[in-house]
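Should a chain be cited, it is by its letter among A, B and C, assigned in written order, with residues numbered from 1 in that chain.
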Amino acid sequence: MSSIAEPWRRLTGRNKVVEFVDMCLRGAAQVMLQNNPLTGLLILIAIGVGAGLAGAPRLVGGAIVGVAVGTVTALLLRADADSVRQGLFGFSPLLTGIGVLLFLRGGALLWLLVVFGAAATTITTLALTPVTRTWGLLPFTFPFVLTTWAVLMGAYQFAAVTVATPGRPALPGTTHVAPASPVADVVPGMIEGIAQVYLIPSAVAGAIIVLALAVNSLRAALFAIIGTVVATLVAIWYEAGASAVDAGLWDFNAVLTAIALGAVSYRPTLAAILYTLFGIIATVFVQAALTTVLEPLAIPTLTAPFVITTWLFLLGKRHFGPDRPAPAAAR
Amino acid sequence: MSSIAEPWRRLTGRNKVVEFVDMCLRGAAQVMLQNNPLTGLLILIAIGVGAGLAGAPRLVGGAIVGVAVGTVTALLLRADADSVRQGLFGFSPLLTGIGVLLFLRGGALLWLLVVFGAAATTITTLALTPVTRTWGLLPFTFPFVLTTWAVLMGAYQFAAVTVATPGRPALPGTTHVAPASPVADVVPGMIEGIAQVYLIPSAVAGAIIVLALAVNSLRAALFAIIGTVVATLVAIWYEAGASAVDAGLWDFNAVLTAIALGAVSYRPTLAAILYTLFGIIATVFVQAALTTVLEPLAIPTLTAPFVITTWLFLLGKRHFGPDRPAPAAAR
Amino acid sequence: MSSIAEPWRRLTGRNKVVEFVDMCLRGAAQVMLQNNPLTGLLILIAIGVGAGLAGAPRLVGGAIVGVAVGTVTALLLRADADSVRQGLFGFSPLLTGIGVLLFLRGGALLWLLVVFGAAATTITTLALTPVTRTWGLLPFTFPFVLTTWAVLMGAYQFAAVTVATPGRPALPGTTHVAPASPVADVVPGMIEGIAQVYLIPSAVAGAIIVLALAVNSLRAALFAIIGTVVATLVAIWYEAGASAVDAGLWDFNAVLTAIALGAVSYRPTLAAILYTLFGIIATVFVQAALTTVLEPLAIPTLTAPFVITTWLFLLGKRHFGPDRPAPAAAR
């Protein structure tokens, strides 16, 4: 890899445009807590391929506009230069860009919402950073969650855009869970679940993302797979709706929790691995609870279950083993 | 002005009753972040005129009882004397007094709720102050929002009082947004929107409040107008319901954000003005989102959108320009 | 009492099993902020008697599994040894154990949720402790509330377990409050309300719990009674639903607020007693508000109203009188 990495590194130091592209590529990777432009490039390719296969190529446009606008906003507001360079102000806006285009319908005003939402996501990142730092935490993708929730929920009040989330607003228990139709695509669903981190419903994209993770960290790729497998098993065991299991919708939050706890925050001792497994299971239940809360609004949980569970599990256990004085949330 | 102000200032130093009246008048002005008894007097007049024109003179009674009870509670609990003197424990209870009377029906037990709610608002202000101070923020009107929400939501469980908010509990998307009926009263609606900060539906009251602001700060008056104009344009552009636009209901949160960011927290550089404009737009979307969240309960957003957006935008950018070391939230 | 207490104390120092039993008994008492194994034993007896009378003996099993699993989890995660010894990691999981069994139906997977929920409650306790400590507060029973809410809300998404809370998901105002049927069992309801702290609908259990409190602190027993009497009067006065009043459902949060403010945090000056009375009344309204918020999901408030109100009232007034420099939240 170093044969590619070294000239790229030198290029970013000399050329402002290349440096900006590097920030954006790292932003694409930072959704999964990876700081590597090649990982980010592969992930953007995965988004493009998956969006194309799903017949929604505009989503890759949303991703690119999102990460670019988010990073530019951070530069204009003179955010911490080192963080901007590592893509830490690009990853949440990238998801906002995809989410707004996926869950809303509308004309040019919709693209304005993408730009507006991406910039607002960066301001929310700047706002949540000092708050979470009080307890040694990071905002993770919560700025994306808050901003996209606001845009989607708000859209009900405006006739110029239309909410196109799956399902309609309903009280819980009225839309019947149908375990009768059995889960059919367990393994494709698990791989698709990894791509659902980026809101992309495609197993091909999921496979490319595993490769993208492996390029930077084999451990991250391994824990992504552990996360998606365990979450699917829990969902099947407690008889969640089959179509959601098939689409990997119970997996993507667990994938992120698995990477955050198992591959980034803790060294892989037995205790830490068991703790991570517990965190994965907890993520599935937190996602189920949030799904119920949001059902009357027909709004998706996005990655809130990952963020909430990971915050709790990081706060609940600062570190494992006697020899690790570094803060658990460092990455 | 000093010809009036100086004797008044001396009188407040000598007479306890006058001093208390001064605190309450400042409280009426502090809703809009102004520390000036004359501004407060004009605002109380605006509330009285507007409430009278709207056929609901009890609202001015709620305002006076609210600000008085809230201030007395702060004195009894020995809150920071300087803050009490500046009206900082009066402004949220004043709004609680109006809100409880406007949105509930009932007999003597309702007035008891006004007194009780105003006192609880002061305790909530005392509680939120150290929490928000952790990140250099102020509670703004959030104590009013929390207390009034609790009283209104709670009223559903008690037969002695009746919830009389506009609309009925409904799932979002079922009460159709009607952009067909075009917005009719754009300019009166914009001025009415300024009075809606005090929950008063009256353009005359709005005009008096602009005057009240100008007495203390031309910049505050100017940003109030900028806030109401921009918010109305955004609401019309995204095709919000015409009747709400006509009543200025999309404006009052944006008016407060505009004053807080543009006239109080930042010096008026170009960057700060653009940032304030972005904050005004964001306030409209946060208000739309909260409207959707609260629709199943038929509870109004009150000024929560202003508080949430202003917190985010103050945390997101501490100050503009290299030469302003003062904390952004100071007022 | 010392004739029993002294040998027990010596036994706990010598025998690991007895020490663990001691932690669990203290955990049962710590729900009510009491640190006394005899109080805990009497409370477990009250739960057993009440659960038996109510035809639901499994609830005492849930309590024992909950407190044991919660305490073991704390030991495994090497939580602060002193806190574990005082039962501070057992009381919330004990309630989770009862709550999951009371409000859900299901087979073996349900008992797995009890174990899982109890362990997750301990992790949540560990997570919330440093957060609340930022402002000199304790998590109280909030870890129980959050974890049990998550399990109950999540259960709607899984066919393997069924939500069996009272009522069905409904918009507020549609299930009519019926003050027509008058309150019948005022005094039994008040005593039952004390047992409802542990989710047990039994006046006999309530009477035993008052005794259990008196064994450790007469003041705590007295304030528990004050709490339940005042809350019932407020609920009757504002015409809450008669069946809930008869079942003591408006009392249990107020009982906890009364003990926390009146018997633990403040010395019993006149001002502190009036402040506690105000806190009790506020708890009833916060409970009413949360009931409305959760009505569309048919999820109970649990002890959230107690926690929220007590946090506000502790933050709102650190201490009464000039001679008490100790932090208000110490217990």
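One rule holds for everything that comes next: a residue touches a chain if its C-beta (ideal position, glycine included) is under 8 Å from a C-beta of that chain, and two chains touch if they have at least 3 such contacts.
Being a predicted model, the structure only gives us computed values, none of them experimental.
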With touch defined as above, tell me whether subunit B and subunit C contact each other through largely the same residue numbers, more than half shared, or through different ones. different
Field rot_deg for pair subunit A/subunit B, CA superposition, rounded to the nearest 5 degrees, holds 120
In angstrom, rounded to a whole number, how far apart do the mean CA points of subunit B and subunit C lie? 37
Among all residues of subunit B, which ones touch two or more of the remaining chains? 134, 171, 296
Provide the residue numbers of subunit A that touch subunit B in the complex, in ascending order. 77, 109, 116, 119-120, 122-124, 126-128, 130-131, 134, 149-161, 163, 168-171, 296-298
Give the list of subunit C residues in touch with subunit B in this complex. 134-135, 171-174, 177, 179, 237-241, 278, 281-282, 285-293, 295-296, 311-317
